[in-house]
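There are two complexes below, and they share subunit A, which is joined by subunit B in the first and by subunit C in the second.
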Partner chain A sequence: MRLAVQKTLKMYLGGKFIRSESGRVLPTTASDGTLMNVCRASRKDLRDAVGNNRSSLGGWAGRTAYNRGQILYRLAEMLEGRASALPIEPALAEQAIDRVVHHAGWADKISATLSTLNPVASAYVNYSMVRPMGVVVSFPDPRDGLLGLVEATCQILVMGNTGTLIVPLDLAELAVAYTEALHTSDLPGGAINVLTGDIVELLPVANIHDDIDAIVVSGGAVSDEQWAEAQREGAQVLRRMIRFAGASVPSGPDAFAKLCEVKTVWMSAGAEIPAGGSAY
Partner chain B sequence: MTTSPSSWPRVRVDAATVAVRTGRVRKRSIKKDSKERLLRLALSMIDLTTLEGMDTPGKVRSLCSKARHPHPERPDLPSTAAVCVYPNMVPVARSALGSESPVKIAAVATSFPAGQSPLPLKLDEVRRTVELGADEIDMVIDRGAFLRGDHQAVYDEIAATKEACGPARLKVILETGELQTLDNVALASRIAIDAGGDFIKTSTGKIKPAATLDVTLVMLEAIREHYLRTGVMVGMKPAGGIRDAKLALHYLALVAETLGSDWLDPHWFRFGASSLANDLLRQILRREDGHYQSPRRFSVD
Partner chain C sequence: MSPTEQERPRLKIAGALDLAPSPESCPVGVPEHIGHFIGGQKVPGREEDRYDNLDPSTGKVLNTVSTANESEVDRAVKAARAALQGPWGKMSGLERGKYLYRIARRMQERGRELAAAETRDNGKPIRETRDFDIPTAAHHFFYYAGWADKLDYALAGRKGRPVGVCGQVIPWNFPLLMASWKLAPALAAGNTCVLKPSETTPLTAALLADILLEVDLPPGVINFVNGFGQTGAAVLGHPDVDKVAFTGSTPVGRAIMRSIAGSGKSATMELGGKGAQIIYADAAIDQAVEGIINGIFFNQGHVCCAGSRLLVEESIAEEVLEKLKLRVQALRIGAPLDKNTDIGAINSKKQLDTVNRYLEIGASEAAEVWQGCANDPPAEGYWVKPTLLIGVSQTDRVVREEIFGPVLSVLTFRTPEEAVKKANDSEYGLACGVWSEKTSRLFETAHALNAGVVWANGYNLFDPSSPFGGVRHSGFGREGGVHGLHPYLRLEA
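Right after this comes the complex of A and B.
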């Protein structure tokens, strides 16, 4: 008879697996019946995660869109290899993997889709280009399971943002199995952090943190009252507040447009000015 | 010039015990009220530093205004203790700060950061820098001489520099990152103090590792020993690598534990830092208005 290996499900921050700095854990029973400890993130963990996202932003946003797509594709590869280890039905795992491949394809096309050459009535060329929004904190809908996690991850990463997913404790086993795939997917540390914790406790912490550029909530991850409060706080610092219905429909250009900033450039068209003045 | 002991006894430092003591300081909890007070104190202890080949008068002027008013929206916050610049920038800093400024001007001299120049050149540099208006001189010791065992040469150089400083206070940079062992740090601290240094300082900021809690504790112990023997206080300045408020508070706890609260004063303790100021501001303002501030809300210097 073997001694059962007891598990502590660590969180994923800055490319490392960490315990909560608070030391708080919740003893739970895993899907295979063994006992496991789930880390419960504190407000300091959230601050650390956001600070880490901020310092990782330049590196991730600075990569070519093509490379971001390659890394997302590799995430699909890694999930494929680990599908049997995920505590969910194979069909659900396959659905999530297909979703990652879908987003890997978007990475180097979204910029061309959303950027424009604007019609202006003077001697200028006027472009609008999309740029990453910055640091995003995302609350995926627990009912979407793995699909919700990959959808939230890709919404952040495709545009070159960095961010932190906050996952409720009862989804921790799945979330941690998922971070193993993130960890081996060539994703640079800090592009995506995953914290497990109490949403009711952590959303108010995100609300009063000025260095978060956008908060994304999917489906029923938070209550309507909490969402209203988050919007009130977000308005004070001009934070972008985004709510998606859920993960059943994959994000497309409309969703990505919410997670990017638009930079518009005016360039002289170089038209010759006719001697003696002109109609311009 | 004071007379030197003919040779300095070897000092043995137990690195494991030092690590235990600094480890304990790191875990110490500081009560909310004390924290608020200490954050402001830490801000007032900063030598706001720019020591780059690409320094310009414009950058030094903006550094000076940051030193004077770390966050212009909050004029009640303390100024930093000093600005720390290269000698060429001293006149710029002086004209930016004025002659009555509470913010001191510290300048690095003696062929900072390597210190590999003939002594007369270094002394001349010190004298001229003081003439230009520096209140404090940050010198580097000759680490080469120290490591080859020529402690007397190190002592003589510090003593001569002290004399050249005239009224300016002298900070002696040991560059602990190059001294290899804590035993050496302890010995170099004693030489610097015996030779007349008003402050001992860990690092130039150009070498890694720069300031650490362990090295700082060893230097603080040397200061304490000197104080108990002679009653003379010597200042301490950890420099380099202290970027966040939390670490700054650990340093203050270490000073309070080792030397007592007399040293918790900008006259006796400084942080050589630049980005630390913004993190302190961030923590101070968070306590007051409840929002965890974005670093983007503070000026970049």
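Right after this comes the complex of A and C.
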């Protein structure tokens, strides 16, 4: 009988599979009954991840919406090819893959639903467009499984944000399988990082980091008390604290609107430049 | 270091600037006392804790004002809840909109009175209240009136309903205009409101209450409570308030967000800024100079989005500064009711102290502190001459912190990349300006700036149809346009 080759479970950061810098692992039983050691992300891992998200932001946000849509569609292709290798029921995998296909189509359409051309009463072309919020740390609801992971991923990526998903340790095997699909989907390194760890430990850690623009919590990823405390802490830096009900319904324009900033440009369109308010 | 000032008679029109005061009288009556407006009733408020409201251009008492305590705030919230559950909540969108149209029309009709009242209470020049504050306030009601029966088209295919009772706290820099920014979208979306004006500028809200009575707005739809921060905290913290909206300083915004954490209340925060004005060498210089002046000296610089950081391309810095100084020396400071006045009074002693504190800091940070205007400020009241802080650097406090006064920090840059990097190097992100005659450069810079609003060849332009609001520490949520309606709607499941 052949000895099976067991996989080392790593986290996904900057397009690379890494171990926690802390060396911390938690022994867990895999779906096939074997023992696996799951990486437990540290405060420094999180700092590295969001720092990497920040440096990757310009590259991802700067891509064309068409290109972002194609990469998301390729994520669906990669997941489809790996569906049988995912440690979940095929139906759940299919549901998640279809969700990615759905969101891939949003990439080059969402801005048309959230942007406006505003009829100001002066000689300006005035338009409001949506811009990425920046770096997002997202805590998907573990009960949503793979669907929660792809929903959190697409919420971040569709708008041109970059971000880090924090996945609880008992979902680590699935998360690692998912990152392998992410890795082969032509997604640039650092657009999405995935850390496995203790959510109760990492939410406050993320929240004291000054260079994170938004924290997203989905469904029951944290308790109401933890969320209230997180809101209090996030207020210090006016961080966008966003809570979604869960992944059962796909994010639409109203959800995506929470992950972007509306930017309004007044572009002079006449020879005469009026003074604001009144003429001096 | 004492501020430098050039000799004034350099201007050829200098002789023409000695104008006789234009207002011979001010026929606008100011009520001796301002109480609250609760459930459609003007109430005098408690005898205790009343305070004197000052005319900032003289420092003399204008009238007395009551402060609402928790039980008065509670009555206002209950009145708003009753109106929501009563006639207002049951009214069709079209009927609601008709009330807003009525309010807009009445504000236009009484525009002169409102402008004079605002100027007396706030200290800003009558030219601004007459031509900007009041007409734009009416415009906001007119704009949102038309949304009231079209809400189904505002949410990208989703249906929305009112959030509920809105608690709103506004600042003193544009009293009636800020009230309109808050009230008009809230009412169009079917909410009811409890609004607290700033303690230093309660007058136009009191006059607006008269207008609300004139137009027969159902009792409780709009309530005004007066007072200081404690009253504001009582409004925003009231358990039966569903939504909070605040315009003011970033530190207070942080405190409010902390206080409502875990309450489930939604919030809109329109906070501070440190707007940058980028002037490229290929800009129309004379127009840019007007834009710089309008960016920082409009409303004495009491503007959250004021263009308080000038970033001018090095090759034209000397020329721009020279023209800027010449132009600033033609600005008249003084009696706000005088139609010729460009620079009015600083709104309060407290704000005067703040600005003066920053001028002291600026004296140690800047290579040159330059002040100028066409005449000397009056002896009474609160005044700051238009000030340029020349030769400052990116790390200076006067470059990083919001001063909220007529003080411009002047910096230079060499490349567009440097300009954008310096402009974005701020914890704020409310508004920026960019000046160039090259369209591609305008677009490229405008899109690279990390701010909620960018003016290309213009500054301090506002329109009810145009969303306004910031990123990062300048707050979140938008006011104006369809985006300004969203915070006042709750999506139906």
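One rule holds in what follows: the second predicted complex is superposed on the first by the 266 of 280 C-alpha atoms of A that agree within 3 Å, B and C clash if a C-alpha of one lies under 4 Å from a C-alpha of the other, contacts with A are read in each partner's own complex, and residues count from 1 in each chain.
As a convention for this text, a residue touches a chain if its C-beta (ideal position, glycine included) is under 8 Å from a C-beta of that chain, and two chains touch if they have at least 3 such contacts.
This is a predicted model, so every value here is computed, not measured.
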| Three-chain arrangement built on subunit A, subunit B and subunit C clash or fit | fit
| Touch check for A:Ile208: first (subunit B), second (subunit C), both, or neither? | first
| request: Put down the vertex angle at subunit A formed with subunit B and subunit C, C-alpha centres only, nearest 10°. | output: 80
| said: So in the superposed three-chain picture, is A:Leu114 touching just subunit B, just subunit C, both, or none of them (first/second/both/neither)? | reply: second
| message | One more residue to check, A:Val237. First (subunit B), second (subunit C), both or neither? | response | both
| task | Using the touch definition from the top, say if A:Ser248 reaches subunit B (first), subunit C (second), both or neither. | result | neither
| query | Touching A:Asn126, do we find subunit B (first), subunit C (second), both, or neither? | reply | second
| message | By the touch definition at the top of the document, which applies to A:Ser55: first (subunit B), second (subunit C), both, or neither? | response | neither
| Comparing subunit C with subunit B, which touches more residues belonging to subunit A? | C
| Partner chain(s) touched by A:Arg47 [first = subunit B, second = subunit C, both, neither] | first
| Superposition-derived minimum Cα distance between subunit C and subunit B (Å) | 5
| remark: Shared subunit A footprint, subunit B vs subunit C, residue numbers 236-237
| Hey, which residues of subunit B end up touching subunit A in the complex? | 290-297
| query | Of all residues in subunit A, which touch subunit B in the complex? | reply | 47, 54, 208-211, 236-237
| request: Enumerate the contact residues on subunit A facing subunit C in the complex. | output: 113-114, 116, 118-122, 124, 126, 128, 213, 224-225, 227-229, 231-232, 234-238, 240, 252-254, 257, 261-268, 273-280
| field | Touch list for subunit C against partner subunit A, complex | value | 127-128, 131-132, 139, 155-158, 250, 253-258, 260-262, 269, 271, 284, 287, 290-291, 293-295, 297-299, 331, 342, 442-443, 446-447, 451-463, 465-469, 471-473, 475-476, 478, 481-483, 486, 491
